[in-house]
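Both complexes below contain chain A, partnered by chain B and then by chain C.
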Partner chain A sequence: MATGPLHQPTSLRLRRLWRTSGAAYLFILPTFVLCVIFILYPFASSFYLSLTDWDGARAVKNFIGLGNYFRLVQDRLLWQSLQNNVIWMVLGSAIPISLGLTLALLLWSRPRGFLTFRTLFFMPQIVGWAVTGIIWANIYRARRGVLPQLGQTFDWDFLKLSFLANPDLALYAVLLAAIWFSIGFFFVILLAGLQNVDMELIDAAKIDGANAAQRLWHVVIPQLSHVITVVTVLALIGGLKVFDIIWTMTRGGPGNATEVIGTYTYKKAFVESSVGYGAALSMVMALLALITSLVFLRIRERGQQ
Partner chain B sequence: MQAKHYWQGIGAVLVILATSFAFAQDRVRLLVWDQHGEAGGQASAIERIHASFMAEHPHIEIVRELTPFEQLRATARTALASGTGPDVIYHDVTPSRELFQAGLILSLEDYAERFGWRDRFFEAGLDFTEVDGELMGLGLEYEFVGVFVNRTLFEENGWDVPQTHEESLEFCRMASAEGYVPYAHSQNPGWQNFFSFTMPVHNYVGADYMEGLLFRDEGRWDTPEMVYAVNTVYEEMKEANCFVPDLNGLDYNGAQELFYTGESPLFPTGTWIIGRLLEATADTFETEMMPWPSIDGRERVYTAGMGSAYFISASTEHPEEAALYLDYLFSDEAVAIWVEEANFIPPIPVDTTEMDLDPLFRFALDTLTVAGSGEGDLSLGYNVDLLVPVEFNTMMMEGFQAVWDGRKTVEDQLADLQRIWEARGQ
Partner chain C sequence: MIYREGKARALEGERSPARKRLRPGHLGSETLRYLVLLAFLVFFMLPILSFVLWAFKTEAEIATAPFAIPANPEWENLARAWTVGRFSRYLPNTILYAIAVVTTVCFLSCLAGYALARLPFYGRTVFLVIILVGLIVPFEAIMIPLYYLVRDLHMLGTYWAFIVPAAALGLPFGTFLISAFFRSLPKELGDAGRIDGCGEWGVFWHVMLPLAKPGLTTLAVFQFIWTWNAFLLPLVLVQRDELRPVSLALLFFQDRFTADRGMIAAGILLTIAPLIFVYILLQRQFIEGVTAGAVK
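Up next is the complex of A and B:
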């Protein structure tokens, strides 16, 4: 008769598990409880709301099954918002990460004025998204904004009219403000990552005759790959969740030119009181964030293999 | 001896604590959420009113929390539904209707009877805060929309104030050629286009037609007459350079700045701005108000509405005290403070003989008093945004922005408004 661990009685196996991992489970427990209360429960509640026609005020929540999800598929504004999110994710990740990396590399050797530059680059992070939006809205503001005034002063036609009024440019104008805001964050993270780069490998590459670009591409970047992965995932998810800066600058306008899922969800849930539909939109946003993260991490893992 | 003093001291402290506790137990605490910020003297006015109310009713303590409109819109429903939110809320009338229909706002019918509100308030004023004839709140900001005119600038330049649409177009061409922005109008984020839609439409199809459309469902939003009226703004006035070319990039603050600095001689907006406008311009120029210019010789009307009102939460534990508080807010003493300090116009007769009011504000007050009391022959139109579903307002905001930049036709925009109008309540 077999007497291996697989055939031990359950109580014995639990006791053994407790002995080996009990302390670990105890340490995890508080975080797990917090996760259940503040993440899993609200998520489940949102999913339930997405199956109802609740308006946020009535006591009754009528269950309508997947009705909101069927409505989503036919919602032209959702697809337009998604398209804007994709543009935001691509440009809002690639540009600030590239610029952040460039700045980090320039300051890696701690040149004179390092602290000043680091503080300056990080400064926008201190003011936050909403204040950044207000600052840039004033820069772009028609007639009296900084850029239109510059256009008037130097007679530059392309600056005379507010970018926020142009449906073809408004999204990119807001995106520029967001890039200005986020460069500092990526810069600081990447600069910290650079502190862990093995200098001996770089010296070895130099001796082997590698030029600066080759050393960057073949020695530095591979060692930074984990940090780059993290900031890219953060930037992509940020691009899906973006709300504050658009809300403060354009509220999704003109027309719906800068509408993203975040602003559209807010309008539906809190302005038009379609909380059920808003919850369905937020489910889509959460699902897309999850898929994006998983896909990107899987691509990174394959690359490393 | 020392021990005796020690015990006497402890005894005295206990007596004070017990008395304070008993007093605190008797005192009712009313939590009030309002939107009265510092601008235009609103905060100081409400603080004065609260101080005098609490002096008169020492058993009631008012705890005031400033909650801006955006925040109210996002949190009012949850706060009222939770039962732990404010006892009294000062909120916009349009979103409050659905809160009332959901049972989150208390009906004021019994209190209206007890405090005689229906006799004291203008009927036209109470109409805005009624749902199916049932009173749900007391409006404070009775207001109308028109065009503010920088009279000083017109006189200095020897210009005539445009009274008709044709004169307006001519004026726009002339003033814009001289570097002015004729109308300080703005469309970012877009709610200001409620005015540039409502006023010309009223002037062309008439206040009676709009009344039928809004209250009796007679008529449509997408008729050729409506299209014509809207085109006077989005086609003809646009071509005549009446507004900044990048209208969708100008916000309301930017529009105010244009008017306050004399860069724009005309400013289409509502009487709620008078307090702030006078703060900014009283020393520099004189301002008047007029209705939107006449279109094809038809009658010009101001359009009126009720901006925000006081409501009582259905879940308050102190409805009696809350009603007492509301009643006090519209007492003669409080109304005098509202009018003089905050330039608010409550829908209630006001004795202004002893008041030192700016002529502009006095004009607005008199206009609403005459219209509200129904004693004169002055009739006002309706601020459409205060009477339509929220989706309709969203479409006005986004749709007219798209019309401005040529991505949507006026016909399509009005057809969308009609579609939303027909779908309301479904």
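Up next is the complex of A and C:
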């Protein structure tokens, strides 16, 4: 890290380094040490473990090169998990973002009750992913859940289905809970974004005879495009990393119907003790998150110019 | 990406131009607007409210009238969740975790964020890259070696197993947020302090830190929700039952008392009541904190 001129004796260089940077080093030291030990080292170690066949117990870790990676290309369960992640990313971004935008537009003019609506719409975010999962699991639970009971009362057969036990419905049932949780988040960000929309342009469009839908589509949305992109990328990353709500509702089941890469990785590493293979799976997720994040940073940069 | 509420407030102050210009002329669309808003209100609140009510109902009442307000509230559920369900143990755990992690992250992020924003040093880029990696890497990608690391450091089975990694994981975002905040303050402030003979520490402690309060509150609130609701981290690292935080305990609780919905509801109530209480008090900071957390 020392970059002082090379011809100086080391002691002088160090003293100089201390004089210019010493204070800053003391300020960053704890953060630096903690991040290196608890983030950087485990990350590098994950990569190393992904090249071994370690089972978490043996003293020796056999180096098997890219063996785990060849195996995961052919792993049907991984592809099924990734497919569920993709469904989650598409529906889990499109639906809550459009509903969040609808709510933000309805409250844009700060009508009566604005604060109450905002406070309560945001409430699921406070409750958190895990509790959301547990609440909704009890809403769906076969026979004893809220929905099956409603079905009983009104004799609606559809509601009597046990959503979480049905492989065709489970993923969408969990997604509905996730949508309930995330609308408030997108709503709040989009509402903040709307405060920056130029009112003059809307007036101009009005004078030119644009109706409400045209004003929304041609004037408001283009000005919001940056915020919408940011929010979309965040939703995509969220869809990639999803774990808590699936674990609390179905643990990836029934069968592997709601398996995503997060739950699959956890099972491999901590339930089946295939540590090496689990590490390779976690590298796949890191890579996908990295790509999505880089896209995000690019977009932010472009937005700031 | 921190949208300040200030702008919205300014808008409100001048009787919001949006209000005047977008107000639909006729009553019909206004009614429609409120119908949609109320429908969503029911959708968001019904699950939470019904569980709060269940906590005060007997099993028979839950089965016959799931949405009715209980005639005479049943305190037995809460009492049993507290004793049999061991929330007397889990809730203090969570409070301890929250206090320890929030104070550590806030304090260290302030130090590092200040250095990053205002002090010159060699190796800045290296430090920035570390922060950036910390922001991007998903927890799933480090959790496996983290478990073995925590085990080898003999922290498994102690409170440290949660506190230290959780604090470390909060630091990249904290440092990032606070340094952005310090950068927005005028540079001259620090120079004035330096001329008055404060050392770097004095400038930081007496001049800069008090000014960073709004940014710090946002960070504290964000970190508080994150720690309170943390799930995967304790699932991997906290394996002894008596050290579990509420969010994780609730999962095992649900498996153990599946049939006892009143008690599960009581457990949920005990988990979210403190959060909701703080949320109502510090609403604006919560919304700002989570919006700022959008970066994470």
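Note that the second predicted complex is superposed on the first by the 245 of 305 C-alpha atoms of A that agree within 3 Å, B and C clash if a C-alpha of one lies under 4 Å from a C-alpha of the other, contacts with A are read in each partner's own complex, and residues count from 1 in each chain.
Everything that follows uses one rule, which is that a residue touches a chain if its C-beta (ideal position, glycine included) is under 8 Å from a C-beta of that chain, and two chains touch if they have at least 3 such contacts.
Source: prediction; values computed, not measured.
Which of chain B and chain C touches more residues of chain A: that partner is C. Of the two partner chains placed by the overlay, chain B and chain C both lie in contact with A:Phe270. By the document's definition of touching, of the two partners only chain C reaches A:Ala192; chain B does not. Once chain A of one complex is fitted onto chain A of the other, the partner contacts of A:Ala137 extend to both chain B and chain C. After overlaying the two complexes on the shared chain, residue contacts for A:Phe121 are found with chain C alone; chain B is out of touch.
Once the two complexes are laid over each other on the shared chain, residue contacts for A:Ile28 go to chain C alone; chain B is not touched. When both complexes are overlaid on chain A, the residue A:Val230 reaches chain C alone and has no touch with chain B. In the three-chain superposition model, chain A touches both chain B and chain C at residues 56, 137, 144, 266, 270. Listing the residues of chain A that touch chain C in their complex gives 1-3, 17, 20-21, 23-25, 27-28, 30-32, 34-43, 45-46, 49, 56, 99, 102-103, 106-111, 113, 117-131, 134-139, 144, 146, 149, 180, 183-185, 188-189, 192-193, 195-196, 199, 202-203, 206, 230-231, 234, 240-241, 243-244, 247-248, 261-262, 265-266, 269-270, 275, 278-279, 282-283, 285-286, 289-290, 293, 300.
Against chain A, the residues of chain C that register as touching in their complex are 1, 3, 5, 7-8, 11-12, 16-19, 21-23, 33-34, 36-37, 40-41, 43-45, 47-48, 50-51, 63, 66, 108-109, 111-112, 114-116, 119-123, 126-127, 130-131, 133-149, 164-165, 167-169, 171-172, 175, 199-201, 204, 225, 228-229, 231-232, 235-236, 247-248, 250-251, 254, 259, 261, 264-265, 268, 271-272, 275-276, 279-280, 283, 286-287, 290-291, 294.
The residues of chain B lying in touch with chain A in their complex are 73-74, 77-78, 80-81, 95, 98-99, 101-104, 181, 186-190, 244-251, 254, 257-258, 263, 390-391, 394, 397-399, 401-402, 404-405, 407-408. Residues of chain A that touch chain B in their complex: 55-59, 137, 140-145, 148, 161-167, 250-256, 266-267, 270-273.
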